[in-house]
Amino acid sequence: MEGSVRVRVRYCECDPMGYVHHSVHPVWMEIARTETLRASGVSYKHMESQGVFLVVAHLSIDYKRPARYDDEALIKCRVTGTGRAKLEHAYELWRNVGEDGVGGELFATARTVLACVGADGRPRPLPDWLTAQRHG
Amino acid sequence: MEGSVRVRVRYCECDPMGYVHHSVHPVWMEIARTETLRASGVSYKHMESQGVFLVVAHLSIDYKRPARYDDEALIKCRVTGTGRAKLEHAYELWRNVGEDGVGGELFATARTVLACVGADGRPRPLPDWLTAQRHG
Amino acid sequence: MEGSVRVRVRYCECDPMGYVHHSVHPVWMEIARTETLRASGVSYKHMESQGVFLVVAHLSIDYKRPARYDDEALIKCRVTGTGRAKLEHAYELWRNVGEDGVGGELFATARTVLACVGADGRPRPLPDWLTAQRHG
Amino acid sequence: MEGSVRVRVRYCECDPMGYVHHSVHPVWMEIARTETLRASGVSYKHMESQGVFLVVAHLSIDYKRPARYDDEALIKCRVTGTGRAKLEHAYELWRNVGEDGVGGELFATARTVLACVGADGRPRPLPDWLTAQRHG
């Protein structure tokens, strides 16, 4: 399970230094996770309608360089581990990578751990189809 | 029904020009509405728990001057009209008004119309206590 | 000058009601304006590098229906008027319009007036090339 | 150097689960850092006007429990280390702590490393007054 998404940097995502504010990276990472899931055949929206929620339990980001207004960011995401009720992802955030996937600059790397919870907010096992797919 | 709230401008609320982004004003106006309601004895959170929701049906803002990072903004809000299922508010947005309420600069004025809906999203009358209070 | 942009509704753009928060619409409208400008051959980023800034002087939005998480929104934008130092746009915000442009639901309409300012924040005339293009 | 700030959870900061979105925590942490600095006699705004900028180089957050709309969050922040051009902070994020500082629930812990840069974006030493203060 691996995927990526391209996002154009929005004006309001940039701060007075002219850089993307550091609170925006987690938003883009969430989009990349969602699109990675969608590419594997499931929408997160559908998961939620089935009473399965993924909440962020841990987040860490290393900011290497600034990204700027109107840059095109490429957010790469892959599943790096699964537990009974946990899912780990690693991310690479690139700017201005060519259409052919060549060039560009790595501006951040990151990691998240998601916990699987039910509609009641209590931990529950990851759905079989999600882990099966992973190890499939 | 009339109230106000002070908010300190956050770094991430400012754009590369160094000004508060125009999408932030509606957020502050919502806070002012909520605090105006709270001052009248009801929290919006409680209203929602009773199945009464207020959704924004119309919004208009006149931006007169920029507000900047670290400014203290004073958002004044008052109810200007009620209908069977509607509530109208007017706002004044000031920056750097003294503790004594003197001085400062008016940087925007605004107006909203809220519609009252139930948990199903359908229009429903405003609760009696809300309109009673208004005309009380 | 007329254009449009598609945006996927982000999880963090939705509120506890499950609806897109009303402060997000201005962000999408800004993206549509930017892409309309880009389609006409100029990036707003380039304009700023030339010392020409467009700031929002007036904004009004009519919210007709909710939009929800994971919806695909189509934001249509067109220039409806120009003054010496002003630019007016009208917007239609649609959800879940087909790839062929058919179907979908209009969930909001809006209008903005932009003022043209220099790097010093003072009003300045719109660049010739912008108005020429308009009347061209 | 140690400080704290209270913030009321905004409606737009909460997601469809009704929880504060995980991208909001870094925003509150930034406010706590700023207020900690202000309490020590310097505003970050003033620092920037002197050409000294602090950018986030590393961020990590452990989310322990959800925070919800209208909660009052108390964000505690303290400097845990300084380098030639670096500044480390640790944070505790509490909800619904009493006015007397008693009770409440710890909902997240976090850590940041800031890098000191000049107006050109290049690393520069922390100002003397900042490190001097630190080591008393």
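Going in written order, the chains are labelled A, B, C and D, and every chain counts its residues from 1.
Criterion: a residue touches a chain if its C-beta (ideal position, glycine included) is under 8 Å from a C-beta of that chain, and two chains touch if they have at least 3 such contacts.
Computed from a predicted model, the values in this text were never measured in an experiment.
Steps from chain A to chain C, minimised over paths through touching chains, total 1. In this assembly, B is the chain whose CA centroid lies farthest from the centroid of chain A. Interface comparison, A-D versus C-D: the higher count of C-beta contacts falls to A-D. Per-chain CA centroids place chain B at a distance of 27 Å from chain D.
If you average the CA atoms of chain C and of chain D, the two centres end up 33 Å from each other. Our note on geometry: chain A versus chain D, Cα centroid distance of 23 Å, whole angstroms.
Residue positions 11-12, 16-17, 23, 27, 30, 69 of chain C are each in touch with at least two other chains. The touching residues of chain D, counted against chain A in their complex, run 16-17, 19, 22-24, 26-27, 30, 48, 53, 55-63, 66, 121. Those residues of chain B that touch chain D in the shared complex are 8, 10-12, 27, 30-31, 34, 43-45, 69-70. Contact residues of chain D toward chain C in the complex are 11-12, 14-18, 21, 23, 69.
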